[in-house]
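For reference, chains read A, B and C in written order, and residue numbers begin at 1 within each chain.
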Amino acid sequence: MQASRLKAAVALAAAAALAVGASGCAKSERDDDSGGAKTGGTFVFAGAGNPKNFDPIFNDDGESFRPIRQMYDTLVQNKPGTADLQGALAESWEHDPEGKVWTFKLRKNVKFHDGTPFNAAAVCFNFDRWFNMKGAAAQSQMIYYSDVFGGFAKNEAEGVGEPVYNKCEAKDDGTAVVTMNRYKGAFPGAFALTALSIASPEALKKYDADTVKQNGDSFEYSAFANEHPVGTGPFTFGGWDKAKGEITLNRNPDYWGEKAKVDKLVIKVIEDENTRKQELRAGTVQGIDFPAPADRKALSGEGFQVLDRPAFNILYLGFNQKNPKLKDLRVRQAIAYALNRQQLVQTKGPGGTKVADEFMPDTVLGYAQDVQKYDYNVDKAKQLLKEAGAENLTLNFYYPTDVSRPYMPNPQEIFTVLANDLQAVGIKVNGVARPWNGGYKDDVQQFGKHDLHILGWTGDYNDPGNFVGTFFGRAKVEFGDQAMTEMFDAITKADATVDEAGKKAAWEQVNRDIAAKWLPAVPVWHAPPAIVVTKDVKGLVASPLTDERFNTVSVG
Amino acid sequence: MSDPITRPVVGTPRESVDPAAVEEKREGTLPRGLDRLGERKRARLEQLAQATADKGGVSLVRDAFRRLRRNPTAIVGASIVALFILVAIFAPLLAPHDPAQRFDELTKNLTVDNIPGASSEFPLGSDPLGRDFLSRMIHGSRQTLFVGVLATLIGLALGVLIGAIAGAFGGWVDNILMRFTDVMLALPALLLAISLVAMASRSSQWTVILAVAIVNVPIFARLLRGSMLAQRESDHVLAARALGVKQGSIVLRHMLPNAMTAVIVQATLTLSTAILEAASLSFLGLGDPDINRAEWGLMLGVDGQRYFEVRPELAYYPAVAIIVVALGFTLLGEGMREAIDPKSRR
Amino acid sequence: MLRVIVRRLLQLVVTLIGLSALVFVWLRNLPGGPIEALLGERATPERRALLVKALGYDQPILVQYAKFMQRLLTGDFGNSIRSGDPVTEVIGRAFPATIELAAAAMIIAIGLGVPLGYLAARHRGRLLDNLSIAGTLLGISIPIFFLGYLLKDVFTQNMHWFPPSGRISTGVDNTDVTGFFVLDGLLTREFDAAGDALWHLILPALTLATIPLAVIVRITRASVLDVLNEDFVRTAEAKGLRHKTIRGRHILRNALLPVVTTIGLQTGALLSGAVLTERVYNWGGLGTLIYNSISGGRDYPVLQALILLAALVFVVVNLLVDLSYAFIDPRVRVR
């Protein structure tokens, strides 16, 4: 009897194996049938990571902003495909000569997804909500707010200083007046930040949006942020199926602007770039973000549309001037001359990459055409090293692993090439690899253990302060914590200049001096990230700020 | 990734056939482990240990060697391994170029989506950074052997130390040490290695070597302990003891040398898993971060993966090299085991 | 039997407490971590200080551990740093995915491995045997992630027979009952969903099955050969018993014991393999979760819970293997 039981078990196993095989065949045939059928009004787009939540103010990463951009609007927004501004929820805006009082003329007849009206009171409600946010947990997650506005009504963090925001008044339904304590170069560009999207006051209140709870090593967000995001955007929230990694958004039939062409937008999370590409080929998604640089040519050869985003980023090689040798400008210049950046761009840059001469792309105001350039010159590098008495230089070169950023798709290769160049002029390079989230940024930005490092930045809005100011506007451990007061003062002054022509001139001079006099780092390249869609997808405009709106997209 | 402990199972199945024998073995081992998986892996290892303990002395080795020479499997394995070692030793002579040098001829046409192919000067073409791929393959044998051998040797040394102490002293020392190895045996090999690499504060070639080595420590410890225990009661040890030879001397001069045969067999098998594991770690981005170093696992796991569509050879060549070498060590190891334990021959 | 289970469970609790303390301290002394992961390029000293305060990292480690244990006792493992969801939910989603994959791989490995091994033994020295030996040797020598890449390239990119990744197609409505997509589809009679999930499952399962399949073939073969040489089989043959009877009652029954052992052993190997396989096929299981929580962002809460879970699974699997021993062979007692 036992033997027969055993036999049955074996038979069952065999049958199961057969069934697996058989249904596999059946399925693949079925796929051929459905392959011809239209997907209807659905656009499936593959992103590279999970969003955190859908409350704009608590987010600072592109994967969260992608769905948020489709559901919310900002007061002003970037013109499609550029970093220039145009009206959005505000039809127009103006400021007083001091740049402190900002008046927004708001669009009429705009409704939030929950049916409540958008008006000046709603705008002020959002500004006041941000300014009055309480608790270390909530404030610590408002990265963009604190970048732009500095501080809160009641600061949890120390050393923040006076907040930039003062008050917001609803003059009438269609006019909101925001008063600042001082001018910042970030305005008005910062008003287009997705983090500063306008949400429905009713929904914010109803779903308890301000509650951010610390739980162990992480934060818990409100029902608003997770299940009931309500904005004015072209799509409404459909759901987030975390087991499948899919965010579903539905067409908003009452959208004030160009109504969405597709009925449904699905954002699918596929972290592996290789898998994203293969899903695109399999036809299961109609678009993917961040294709591997090596795949772009092949994909466009297969008939996919590879859309390059105009490069709005910078990769740089930084110097830690804690090292006395690197404090010598000649040594820094020698390193700049030693790097064959042209060859790096050609061999390892994604298509369309350009050598960088300044720490911001040339589309940003204040880019100087005549900065000192450091073209590849081994002899000059050796000579400068000799003059500085630094012929036997040994440097710890830190580089990250486990990471791929749009400006730095493959840090290990970039490091290897740069280190190679340095060795060619007689500098001994001691490479130190650190995982991106496993100590790299801490070692470089907090402890300053390095001599050289590579890091970069993707711009948030069209303002030199967002690039140069972020890097060099204050003493940073990353660059040796030096009191380069002359540089700091020049940047502070440029950032505070309200008048456009004066601002331009001031920043141009800053860029010239950085290249010739201060050289705290060497700009390496601007590398355009790409976005890929299938042949039959129309209306997608690649944005330098990765600010793509899917309402204009149609499939088939 | 294969769990290295499963390998020795293959080819020595006879202990499991007779249920009574299994039961007996289970009685004999410590039952109150964290789990029983380790216990069964342990039973396997003791089987191998037992094989060398029965008869001691030179004749066993000579016998085994004679059998080994007639075993075609072992000969194929040994040839592969010998060739691999020769290439590794003479790599600088065999390789046409410096493996770390970037050549202008290669970088000239190199872009992220185009890697120059074969030419007369560079028979396998370029790698993703404009270096000579053939030279890197040849030098890769060296680094691969280095990682494999070192990981195995370190694992073996630590394992032998623990196993010898446990086997020699017995009692509570044995108990504590074996409990420790049980816990380690119970963890899936690659997961253990991943955790070790991830938990290390600095990643380097050495973290990979150490992680792979540590995974193998309990295997060697178990193996050696089993062999020593089996010998404690054997004739030649009893004779030595009766003659008044000191305990330390018995362990070092009589028990350890005999036990080492089994350990060497296991080490040969471990070499192949060590190479595969190092490659897996590279694939997961937890390998050696220095891509200047030419190592097959690194070349396959990093460049082979990233540039698979641009130049699949970057994956194929190191993959084939790894497969052949892993196969070579497995064949040799199994041949050796059959040689010392003829009963297991099939 | 009940006493055994109770004792094992008690052992488990003690082990888990010790392990949790160890892991907690270890993780917190590593470089980098949640703060670094949360801040990205935007770290400033003020921002870092604020996060340290917000996350309670400024408190002594003992206080932090006490708080962690306190939450743990209420079944709260904290929230994932990466996704913000409760860790129990995150693992609860990934766990069935891995089990589904591992089970499918095991079904393939056993379903093919046992008959193949048996046939190889019966045809010892002939073509089938030699082929199976060569195949199994290759199977254990090939890096599994490379095999996965090859299979994926051939069957999804060239032939388009299978989908390249994931567990189910976008747009297929499935009701989540158990988290096992194939089973769910059958239970809720959504056969489309079940078929679709199965279709996604085949290639990853085949990849993952390679090593266990090779090992099972070899073990079965060797074990059957051993039994064939035993006296009782020769006696049975001499007695003139029918071939089928001998095969069923005598050979397979005795030969299967080591195979069952191997299956137990392969559970660990399967988990190792799952990390690689899931990474190749973007399968949202534990392997992906482990990988992501280590290299993606040092997700402490998830890592902690996973390590504790791993310990738990091992004890349970062990117990099950022991019980199945007793089932196949009553002479083996479970202690």
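Brief remarks follow.
Methods note: contacts are C-beta pairs under 8 Å (C-beta built on N, C-alpha and C of every residue); 3 or more make two chains touch, one makes a residue touch a chain.
Owing to the predicted nature of the structure, the values given are computational and were not obtained by experimental measurement.
For the pairs B-C and A-C, the larger set of C-beta contacts lies at A-C.
Geometrically, the chain at the heart of the complex, using CA-atom means, is C. A straight line joining the Cα centres of chain A and chain B is 45 Å long. Chain C has its Cα centroid 23 Å from the Cα centroid of chain B.
Annotation: 36 Å between the Cα-based centres of chain A and chain C.
Taken residue by residue, chain C touches two or more other chains at 30-31, 279, 295, whereas all remaining positions touch fewer. Contact with two or more other chains is made by residues 402, 434-435, 438-439 of chain A. Shown for chain B are the residues that touch two or more other chains, namely 198, 201, 285, 305, 308.
On the chain A side of its complex with chain C, the touching residues are 2-4, 6-7, 10, 13-14, 16-17, 20, 23-24, 26-28, 30-31, 39, 42, 44, 50, 52-53, 60-61, 135-137, 139-140, 143, 146-147, 156-160, 214-221, 226, 242-246, 266, 268, 270-272, 275, 278-279, 281-282, 284-285, 402, 434-435, 437-443, 445-446, 455-457.
Against chain A, the residues of chain C that register as touching in their complex are 30-34, 36-37, 39-43, 45-51, 53-56, 67-68, 71, 76-85, 89, 93, 104, 107-108, 110-112, 114-115, 152, 156-157, 160-171, 176, 179, 195-196, 198-199, 202, 205, 248-249, 252-253, 256, 279, 281-282, 284, 292, 295-298, 300-301, 328. Within the complex formed with chain A, the chain B residues making contact are 102, 107, 110-114, 128-130, 198, 201-204, 285, 289-292, 302, 305-310. By the touch rule above, chain B contacts chain C in their complex via residues 1-3, 5-7, 9-11, 13-14, 16-17, 19-20, 22-23, 26, 31-32, 34-37, 40-41, 186-191, 194-195, 198-199, 201, 272, 276, 279-280, 283-286, 300-301, 304-305, 308, 315, 319, 322-323, 326-327, 330-331, 346. Interface of chain A with chain B (complex): residues 274, 292-298, 343, 346-351, 401-402, 410, 412-413, 416-417, 419-420, 431-435, 438-439.
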